[in-house]
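Okay, got some structures for you below.
Consider the two complexes below, in which chain A is the common component and chain B and chain C are the respective partners.
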Partner chain A sequence: MSREPAETTEEITRFLSAALRRAVGPDDDYFTLGLVDSLFALELVTYVEVTFSLTVEVEDLDLDSFRTARRITEFVHRKTGADDPTPLHAGDN
Partner chain B sequence: MTAPQEPPAVKCLVWDLDDTLWDGVVLEGDTPPPFPHAERTLKTLDSRGILHAAVSRGDHDMATAHLDACGLGEWFCAARIGWGDKSTAVRRIAETLNIGLDTIAFIDNDPAERAEVAAALPMVRCYPAHLAEHLPDRAEFRPAHVTAEATGRRLLYRTEWRRRQAEEEAGGDRREFLASLGLVMEIAPATEDDLARASELTVRTHQLNSTGLIYSEEELRRLSTAPDHQVRLARLKDRFGDYGIVGLSVTELTSTQSVLRLMLMSCRVASRGAGELMLAHLVRQARAEGRRPVTHFVPTAVNRTMLVTLRFAGYVPVTTAPGDETPMVLEVPADHPLREPGSHVRLLVHDA
Partner chain C sequence: MPATTEARDGTGPSPLVAAAAELAATARIPAGQWDTDGRVPSDVLRTVARTGLLAADQPARYGGRDLTPGELGEVAAHLGGVCSALRGLLTVQSMVAAALLRWGTRAQRAQWLPNLADGTLTAGFAATEDGAGSALGEVSTVIEESGNQLRVTGRKKWVTFGQSADVLLVLGRQEGKLTTVLVETDRLGVRREPVTGQLGMRAAGIAHITLDAVRVPADHRIAPPGAGLSHVAATALDHGRYTVAWGCVGMAEACLADAAGHAAARFQAGVPIGHHHSVAALLARTAVRAAAARELAALAGRARTAGPGRGITETVMAKYAAADACAAAGRDAVQILGAAGCAPDSRAGRHYRDAKIMQIIEGAQEVTEAHIADQLLRRFGAVG
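Moving on, here comes the complex of A and B:
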């Protein structure tokens, strides 16, 4: 039932590219690119909750979990498929 | 038969352009001159606080460029030029200006267009073009109260319209659009003249509002001179105009902490990154004064935006789930790197 990480990342980049009206790659940090405002931040969090059927708690609202599509993928899989601790990638920290 | 109820005064006159506002058709490469009587009507109604909009056939850019070329552009606060039903365009104008259709009047030389609008929107009053010069004499164009802010209102609507247009035109990259606005945020202590507006903001701002505390003018006056408090106001400007005072912070100072009791930002400017900018400044200022940046937060049905903004600005919860009476407390850890303000906005800070 659970998605492949690559699939999740692709879904998220598609959302980001549409919402920010520019191509967003899996590792683009749209926060440092200055593309994020309060409205978009909430939209992003809500999108993640609705799309992946999870609740983002106050503690989860760590910028580091949301700053790139790949980070969100890791977050989503951490929240939903806690049994899959495999890192999705290496070296982009 | 009952006496017909008097219809409300007209708030906006929607003009057809070709052969109604000006003498000819702009699409055919003509540069038709405006009818002098139409121009007089524009100005007279404007002085009474009645807005003008355009709904016409043809190419949008060409029509609005000709309006500007005739020196009439500034009288209009909305325009929809195209080939769809005019009734749909009129409805959109009413939505844009946020006024009822029964306060809209429509003037067009083409009886078929008037019939289409009248059939789809029976509450819209329609007039043939030859009546343009007589409209100011009619009762429905004579509002009971002409307020001093009438002209101000047109400018406000027009500024908003131009901003929206710029945003639509930018189409592509959001950052480029923001950069093109030439945003300037000014953060300064509250002065006597600002207190009424500041107090009003605490009542009227709900989404980007950290605690929902309502401060009266009196309280704000007291706090702004109290040694253990800081009251800061944020103003925002862009190349289109001044948004005025949009943000407020009330900070309580202890020997070790700078506690944000209330931080709010008008939702009109939330999409400009204004909330993030002000927060980043407050964190920087607290640290510069040797205090730990702390904030209170009280969740409501509509202020999750504020929570996300606080968290993304580096505030981390330090208390467990809030009780019914106590606010959540969050603090920016000492090792949290400060984000520099984005390049899309210039920040001016004035201290007392």
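Moving on, here comes the complex of A and C:
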């Protein structure tokens, strides 16, 4: 994957902000914000799969990996074997 | 039969769609009696399951027939057009199989899917409870770990074909988190209570099911705790909405055919009743609703062809439109048929009762409206 983690996070926060109709930061836990309807989790899985050309398997379904844009970024880069293994920290972008 | 006579493309239906049409033709006469009796005979259920139609959209590597969403839709429309109970059998089997295909581990898929695909096992979806209908997040069934087993305790309601299902996909909570688990119905502590006399879907083997500390192996849990509703049940319900939508299309078209046939053949004061403007209007409106529902269902089918997780909103819209179309078609067909529509053996009357159920199951109309509107607000609302 050629995408930098910061770009990935930006892409995901853009999707989440549009989907949830409010600005969502990289570390906002949108599930606990109570902003998602009953089909959103599936839509998010599909979005991640389509956007980053990967398949979310049941083994990946650790919901903590999907709680924030930054965690999704880590998941995406782990899953796609990204070159940059450095964990992201708040304020990276 | 579609509400318009537009020619199909030259390829003809797939053999399985043709098989579904034949099956529907044989069920057309006895379906009324099944409704009166409140059950489909068990040998018929077994025969239908063994056709492999019930989860024919499963991939061939799991014993399925790789049916496309469009073809699966046609199968559901054929069954729904003669018997909502048989369509319900297809719906529950294929929705449980879809959830397992998407969220089962490799081992779980290999263990369960071939038997669901060939109909050796029939499945039920046990989600609803007294305090959890449209709001399934409220379920209180408890799943506890106990050694290398899981113990399941709760009471599930309105399980379609719960009277006969071999295995149930049960939604409950493990340590508070929504979780799904497969429970075979021959296990100790499973008690089934047949439901009779309900408004519609009378032949659909509906049962309330009590799970009294039922023990299953730990590998019967599907997906980690927390994903039971948002991923597993949501996948099942999305699939269920799709086949329900097509079943509704079949029902609307069947009602239209009965109503139009009657309106053309029945003379009052020297003219067919279809010549009366008010009757003609009912027919015309039904035809438009049925055709529109078919097109929305086809649209959902095309969207779903792109793969798992696609076409969710299109499917919600199709189910919403088709449920309304068949409810209106049933109502108006009974009106046009008059006394014949009210008779105990009235096909339109049966569809009328079943159609009302379609406006409630797999997401009540009000819930689907909320979802559709939510999508609009996302698209057009300001982010702030």
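Details
Just so we're on the same page, the second predicted complex is superposed on the first by the 85 of 93 C-alpha atoms of A that agree within 3 Å, B and C clash if a C-alpha of one lies under 4 Å from a C-alpha of the other, contacts with A are read in each partner's own complex, and residues count from 1 in each chain.
Everything below uses one rule, namely that a contact is a pair of C-beta atoms (placed from the backbone, for glycine too) under 8 Å apart; a residue touches a chain by one contact, two chains touch by 3 or more.
The structure displayed is predicted, hence computed values, not measured ones.
Looking at the shared chain after the overlay, A:Val76 reaches neither chain B nor chain C. In the superposition on chain A, contact of A:Leu39 is made with both chain B and chain C. Contact with neither chain B nor chain C is seen for A:Leu16 once the two complexes are overlaid on the shared chain. In the superposed pair of complexes, A:Glu49 makes contact with chain C only, with no contact to chain B.
Shared contact residues on chain A (touching chain B in one structure, chain C in the other): 20-22, 37-42, 45, 58-59, 61-63. Contact residues on chain A toward chain C in their complex (touch as defined above): 17-23, 37-43, 45-46, 49, 58-59, 61-63. Residues 103-105, 136-137, 222-224, 226-227, 229-231, 234-235, 238, 308-310, 312-313, 316, 370-371, 374, 377-378, 381-384 of chain C are the ones touching chain A in the complex. Chain A contributes residues 20-22, 31-42, 45, 58-59, 61-63, 66 to its touches with chain B in the complex. Residues 171-175, 178, 208, 265, 270-276, 304-309, 311-312, 314, 317, 328, 339, 342-344 of chain B are the ones that touch chain A when the two sit in their complex.
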